[in-house]
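Read from first to last, the chains carry the letters A, B, C and D; within each, the first residue is number 1.
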Amino acid sequence: MRKNPDSPIRQPLAVIGVTILTIWILIAIFAPLIAPSNPIAQNYGQLLPPNSHNWFGTDSVGRDVLSRVIYGARITLPLSMMLVILAMLVGTVIGAIAGYFGGWIDAALMRFTDVVLAFPGIILAMAVAAALGAELRNAVFAVVLVAWPTYARLVRGLILSSKNADYVTSSRLLGASTTRALFVDLRPNISGPVFVLAALEAGNGMLLLSGLSFLGLGARPPSAEWGAMVSAGANNFDKWWLAVFPGLAILTAVLAFNFLGDALRDILDPRTAKALRE
Amino acid sequence: MGTLKLGRNRLAAVAGALALVSSSFILQTTSSSAASGRVLVIDSEFNHKTLDPQREFEDGGNMMDRAIYDTLLTFKGNDASKPVPSIALSYNSNADSTVYTFHLRKAARFSDGTPLTSADVVYSYGRLKNIQGNPSSLMAGLTATAPDKYTVIITADQPDTAVPVKVAGPEFGIVNSKMVAAHGGYALVGADTKDKAENFLNTTSAGSGPYMLSKFSLTTEVDLIANPKYWGKQPAYSKIVIRNVTQAVQALDVQKGVANIALDLSPKQTDSLSGVNVTAGVSTTVWFLYSNANPTISSVTSDPNFQSAVRYALNYSDLTAFAGKGSIQAAGIIPSAFQGSLKPADATKQNIALAKADLAKTAYKGEPIGLRYWGGGAWEGISFDDFATVISSQLAAVGINLKLEPTPVGDALTTYRNGTDTMGLWFWGPDWPDSSNYSQNFGPGKKVGLRAGWAASAAPEITKLINAVAIESDPKKRAAQYRQFQLDLNANSPFIPLIQSPAILVSTKSVIGIATNPIWKVNLTELK
Amino acid sequence: MTLLEVRDLSVQLQTKTGFATAVDRLSFTVNEGEILGIAGESGSGKTMTALTLLGLLPQHAKVSGSAKFNGQELIGLSSKEWQKFRGAQIAMVFQDPMTSLHPMLSIKAQMTEHMVTHLGISQQQALVDAEELLADVRIPDPKKALNSYAGQFSGGMRQRICIAMALACKPKLLLADEPSTALDVTVQAGILTLLNRLRKEHQLSIIFITHDLGVLSSITNKLLVLYAGREAESGSTSTILQLPRHPYTQGLLDSLPQPDSNEKLLKSIAGFPPELGKQPIGCAFAERCKFAAATCSGDELLPTYLADSHKFICAVDPFAGLSINQVRP
Amino acid sequence: MKDLLARRSSSEKSGGLRGNSLSTFVIRRIAIGILLMLGITLISFSVTQLVPGDPAALNLGQSAMSDPTIVAAWRAKYGLDKPVPEQYIIYIDHLLHGDLGLSQQSRRPVSSDLAEYFPATLELATIAIFFSLIFGLLFGVIAAITRNRWPDQIIRFVTLTGVSVPTFWLSLVFFYLFYFKLSWFPSNGRLDPGTDAPSTITGMYTFDALFHGQFNLCWQAFRHLMLPAIVLAIYTIAVLTRFTRASILEILHNDYVRAARAKGLPESHVIRRHVLRPALLSIVTVAGVAFGNLLAGSVLVENVFSWPGIGQYAYRSSIGLDLPGIMGVSIVVAGIFIVMNLLVDIAYRFIDPSLRHG
């Protein structure tokens, strides 16, 4: 297999993904400028269908749905980023320790990883979120708790395969410390795949987080969280705009991450791409 | 979504009469021409926990038990204040309302053919009292005796003008005493541990009403079939299916004719429906806010000036607009249908200036005050989350900063009952349809009063009034006292009555004779 | 009698940047009962040539020129027509016996499926024949072998099975793509002996592809040396091995281990072949060639023909004085 | 796809597709399974320890809490008066006796609640895995065969959308569209209102009805299953499509496929026999994992469709903070997941001749 020389920009899906993400990030940053109204102000008639003034209609207490969707980006995007980074950190550290030290440390950590993976993610997250109390912060924690093993697996595998590479061995022979080996010699080989995994996982994390909010285990009213907004829409099928727009917001944001992650995986060399798939 | 759907019992083992119906049964969901074999499908959010009449205390259970068990007296249509004869053909009471004598009809029979006698009434009432379940307080101070086979005498320790309306409640449903006793029922003192008949009553109906239970599940479906041995006129529908369906789906089902009646729709959900009948009325459910009067819970919320600030900061017309068509402002804690309720003119009106002035007298500095409510919950189509959101934004306008605390219903009820919440948003539906239900709960040191941190010694004037109204036998004087009680409450108490929710029934065009009743929502036996 | 006549065969493969020439105007013939060796480093177009003769190139590959098999033109056949040739007239044995047998299908199934397709015989007959074939390639206990799976055999045994499978439909031409490279030296010899014997017994023609000129020397009659998709040198095996005229052929010979030498390190040719599609117009080997001169690049080079069908393409011809019977047409 | 494979635990891969004999392999796999199960109980036990507040208050109702003898008895039963490690041992002992605790909401043992709700979810997940396999294979094969051409690109786009769409939202949209607007499917619930369920054998209505020869009832139950099963399956269909495509492409690169083509076999024969067979085998291995995911995914679907299964039970338990209920669901689903993987791995050893004789 020859190496694919393409840059991510050449991949149409990656371009679409980056574009959508950029739009959402801009929306999140400039929400106060873009949003036609305060997302928690009950400024309008209740349950108005989309019209020239409220493009996405209004909700059951007269808030502008468009403004809430726009402000929702300020909740969902940073939280998704945060949980991806946290899961990545935790998973990488555990995977690195397991892969580098091997032996019983590896065995113990990997069994633990297996156990967490054996749990149905959503249900474990529900249990943890419920046990800690329905709050967005706890929901993020719950999602991190079920998301890190994927990274740990990947990092461990990558370390195992590159640990004995010549440059690492020689650096160790020269008396380099363990931390040096982990952070200087091995890091470049690991960071690429880990970031691709993070891009792929961001979408899943976002889905899980909004799912918890939908189930009433995440965001609290009156915050404009997309999952919670869909949940409100679930009480009013006839008022389709309540659920459809925040749902589309989740869909597009998750799709953007998945497009990006998928395209990034393709431009990694095939062996790493395979490691990612496993 | 909101209401709790709790556990569920094994599907009913369906015997005897059901086999006649079910084996050759053809499902009809929409209007049907044949009078016999008509099926009524009702969509509802299940909130019942049992169908044992002496244990159930929720309106879902009320509706079903009303159809299965007869009571001495009952109500007609949407009226819940004037009892009419049922098993008792007539009754009379002594002058000071302590002794009531009921004369029973002789034709009444249970579904197994056994005649209904005064012994069954005494057994049922005794069981209600001694089981010490949720509704047992209804029998507090009352004793039932049977001087002969067709006479029942109820004596009250203290004057109790509410006895006739109480016995019309489904909790006073009369069970077949022999049958229930044979299946673990126990009606004497000690029934709280000795009575084992609940499961039996969830699988088999032991009543004399027009319907019998044919299938019972706490989470999915309850089926009723017409009682072929019913002593009165056979009901119009031979089978009634009550399904557990979320509000949103109810709206779809009833429009498609999959369901004939939707019980839990809000006015806003109904305004866009087409091809259905909407029966609207005001319910007897009163929503209220409380600001805990216990200084150890909060020095802020216990300050009468703070309570007053909250009271005058609220925009009541916006609240009723939020609740939708059919809702009205609750002028006092007693709903409009009952004796002694306040006139709309007596209701609190928004006064921002006054609210700000009162707030200024307090030590409140804008710190967040927790408002506890049933997160995700909805009642009569009103979402707790939305309602709390509206209230918090109104209070924010005068500088009161609420921190919403949506909580699973079980936990929310616990802290509410323990009286540890700083503020709470709740509703009250009457246990029995009489104003006494309010004076005995919302006073200082009373059940709900204590939940709001209102100690018995807090307002001696009001306590005196409550004691006076309890023994007053003149209805006119009673009404005046109830009004005074509520005016006092509105002037200085932790309670702020908000609205009475609308009562709405949505039905397909085929359903005739539907009326909203505050006790059992809809009387299934009246439908045509 | 000529079995296969290839004229000006070119293959272009699609890459991200356009079409790249993998095989460049190749011409050669194979007579009945003859073994032609094709030599070259990996990427020199050997395997691509073989795949072209089987119609197994990627769908978007462009093929031009002519390849006549028994007088019938192969280039431009439809995929249906190819199916009739493949396996039946022309068969192939691949480099790695460990991977070219299906791990999840029994040897029986793999031996007989094309016999039933091509020869139109019954499954029972095919089984009988398959057993004979396995015996023929010296598989012990052929009956048991038929019911076994690839994983149960050693590499050498697997290659014998592959050869038996290739011969199942009695093809006239066998393409052997490095059939012994992946095997141990002793096993290698066995396979070569087997092929040589089968050639005689079955009147088979073989195109033997390898990078190892040493292997070719023992069994082939004719030799074709490829570099970067182009012919570098061709002629009879003995001539070329004794007196190679192309520096590349010399380089390949030098890289063989010398049995009589004590040198442990092999002399390999420095550098790498040009990337696909980036062959220069002149000599593609020039940049690695220690004899390279100005004449090597620029114009297209003309072949030099010698006696005994010996032919090479080199502008410098550094070994010129060493050969005899130099003839220019 | 990563998701599915990620959940195939490393032990299952390293833990020895290359064992010596079948029996040692099976024993080793079972041992690993038991180890995982223990780990699961440890985690669920830890989660219950996470809860702030008094577990007795969580597990007993308010009325029971007011009775000190009941509280003391409960504490003694669950060993709350003992040190934490000992509590864990007691917890395991209860689990081994099938005691998952008492549901706070239904006031019944969680195990009997689950026994009641599980068949509905099992039926849903079974139909969903059926859909997933059929369509996942179909689309995956199409995508692999038309690699990088327009059908493949379309499938890639659609599957990426499939894994990105929030299931809970899709349930709402599909229910509104296909039930309310288009009337293609019946309303929610497992049967039409008022219809009696077939007498219980498995608790799965389609199967039970079939068994009793009630074909109309079976069809009715199936119609009710369709829409939630489709919604539930969409994510899995997308994942299996991508997985199928990847494994077929990987197999197509194998020498043995080229060797099969070189034998002059018709292309359809090559694909069916030489490519699809091994691909199917690897798909079967992830189907076990996918099934576990479907069981868990029911949480987000059942509520909208009023489907009385463990998903709705888990949802109600979590909003009602009924920890025994929700932990019961996760232990059961995780247990099924582990058992499925075990079975798949053992089955794999039997199906794959190269391993059987390896």
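Criterion: a residue touches a chain if its C-beta (ideal position, glycine included) is under 8 Å from a C-beta of that chain, and two chains touch if they have at least 3 such contacts.
Since this is a predicted model, take the numbers as computed values, not measurements.
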Any chance you could name the chains that touch chain B and chain D both? A
Outermost chain relative to chain B, judged by CA means, is C
Considering C-D alongside A-D, which chain pair is linked by more C-beta pairs in contact? A-D
Where the centres are mean C-alpha positions, what is the separation of chain B from chain C, in Å? 91
So, in whole Å, the Cα centroid of chain A is separated from that of chain D by 23
Between chain C and chain D, what is the gap in Å from one C-alpha centre to the other? 52
CA centre of chain A versus CA centre of chain B: separation in Å? 46
Residues of chain A whose C-beta touches two or more other chains: 134, 216, 231, 234, 237
Multi-partner residues in chain D (2 or more other chains touched) are 175-176, 180, 304, 319, 321
Complex contact set, residues of chain A against chain B: 40-42, 46-47, 60-61, 134, 216, 220-222, 231-232, 234-239
In their shared complex, chain D is touched by residues of chain B numbered 1, 4-8, 10-11, 14, 22, 25, 27, 29, 39, 41, 215, 217-221, 223, 239, 241, 243-246, 249, 252-253, 255-256, 258-259, 375-376, 408-411, 413-414, 417
Complex interface listing, chain B residues touching chain A: 1-2, 246-249, 251-252, 268-269, 272-273, 321-322, 375-376, 378, 383, 385-386, 388-390, 392-393, 404, 406, 408
In their complex, what parts of chain D are in touch with chain B? 57, 62, 103-108, 113, 116, 175-176, 179-180, 183, 186-190, 192-197, 303-304, 306, 308, 312, 316, 319-322
The answer for chain D against chain C in the complex is residues 254-256, 258-267, 269, 273-274, 277-278, 281, 352-354, 357-358
